[in-house]
Amino acid sequence: MIGITDNKLQELGYPLDHCCFKPGMVQPAVVDGLTVYCSGAVPFDGDLLTHVGKVPSVVKPDDAYKAAALCAANCLRNARSVIGSLDRIERVLRVTGYVYSDADFSEQHLVINGASQLLSDLLGENGFHARTALGVAALPLGSSVEVEMILRLKHA
Amino acid sequence: MIGITDNKLQELGYPLDHCCFKPGMVQPAVVDGLTVYCSGAVPFDGDLLTHVGKVPSVVKPDDAYKAAALCAANCLRNARSVIGSLDRIERVLRVTGYVYSDADFSEQHLVINGASQLLSDLLGENGFHARTALGVAALPLGSSVEVEMILRLKHA
Amino acid sequence: MIGITDNKLQELGYPLDHCCFKPGMVQPAVVDGLTVYCSGAVPFDGDLLTHVGKVPSVVKPDDAYKAAALCAANCLRNARSVIGSLDRIERVLRVTGYVYSDADFSEQHLVINGASQLLSDLLGENGFHARTALGVAALPLGSSVEVEMILRLKHA
């Protein structure tokens, strides 16, 4: 079943079938009651990791912004693979965004705005969230950005 | 209304009006039932970012300790802007502290003690918390420290 | 009392008495209802920090994998010091793993698999979890790895 929010994610440019994280000892997301912990997601578009390398020396901040949006979409696609439909989301609680940064780069918050904007575009005020934006020394697969989030589901 | 704990924060040197994070798609804090997720806070004193640059080459660990305390105070001020009064806090659950670190600096835990000490001074044993202290390659605005926390509220 | 899971942790090579984090303003773990927030743990074996330095230039990835497993065991030992027995764990919700990384190292996920594998070996599918693996510029005490986790307890 494809819900209204699922459909909206597609319209925003993130096809639902460009998914996902294969479940194993690391799960795409874990549901605890009405809380969903999404695993950290890197900017895969299907099998292709779209943004690799440090910001800004290798990947420009504007491109990293797009990578952050894709990471957020992947968190949602990962969540959907577990909860069935994004229509079940009541709100986004917290987002943590990591930017593979040159040591003198200090605009991680602007990069991670790419994730925040997508969540707001998709869910309106329910997409607003607490957030931490960080610069890190390295990320898995050399990814330029990684995003994780915690979601709250509606009561059944 | 200014509660007992609010007043105590002021007495500890953190005026309540030196606040806050403007709410938007990133919120100062998000309340989920009795859980409060505070956004990562950097050491702003009003509009002034007090500690910028790597620890210890640019900012001394003793100064970064003060920055960590200010970050914690800002998390609390951010939370208060959402929950109304710090008197509503039952306890601090978790603190994560990030230090903009030279690669050979290994005393992040001592720096983040600045945040932990403030929470203990303010809330006694209810300010005790689980914690992770980390060194990061870069932080937004070049900030020397960033702190985020999760709080538990009292039953209404 | 030593429960079945406590005993299994010992059999996997992690004696229960090689513990712990001394409680103070930073707690080994904090329980909030049925949720347990474990503090970040570094690879201490008793008093000895077993893995110090960057991965892979100082510590090889295979060794860092072992360090990650030890960190996870320490999170569990820390949790046990608060909850009494690991038999009380219903499941692992989320793991965050930090690797002290050279800037061009991109296999943090493989290192943190050491933690994930231990949790799976100990708890089976209940040890599966959401996860984020990160490379950081520095860690407390120069530790090569740090792991934190959130656990869910069984209803009493």
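Letters A, B and C mark the chains in the order given here, with residues in each chain numbered from 1 onward.
Going forward, contacts are C-beta pairs under 8 Å (C-beta built on N, C-alpha and C of every residue); 3 or more make two chains touch, one makes a residue touch a chain.
Being a predicted model, the structure only gives us computed values, none of them experimental.
Student: When you draw the chains as points and link the ones that touch, which shape shows up: line, ring, star, complete, or other?
Tutor: Contact map by chain: complete.
Student: Could you work out how far chain B has to rotate to sit on chain C, using CA atoms and steps of 5 degrees?
Tutor: Superposing the C-alpha atoms of chain B on chain C needs a rotation of 120 degrees.
Student: Taking each chain's centre as the mean position of its Cα atoms, how many Å separate chain A from chain B?
Tutor: So the centroids are 25 Å from each other.
Student: Pull out every residue in chain B that's touching 2 or more other chains.
Tutor: In chain B, 103, 136-137 touch at least two other chains.
Student: Chain B touches which residues of chain A in the complex?
Tutor: Going by the criterion above, the answer is residues 35, 91, 93-94, 99, 101-109, 113, 116-117, 119-120, 127-137, 150, 152.
Student: Which positions of chain B touch chain A when the two form their complex?
Tutor: Listed in rising order, the residues are 23-30, 32, 37-40, 54, 96, 98, 103, 136-143, 146, 148.
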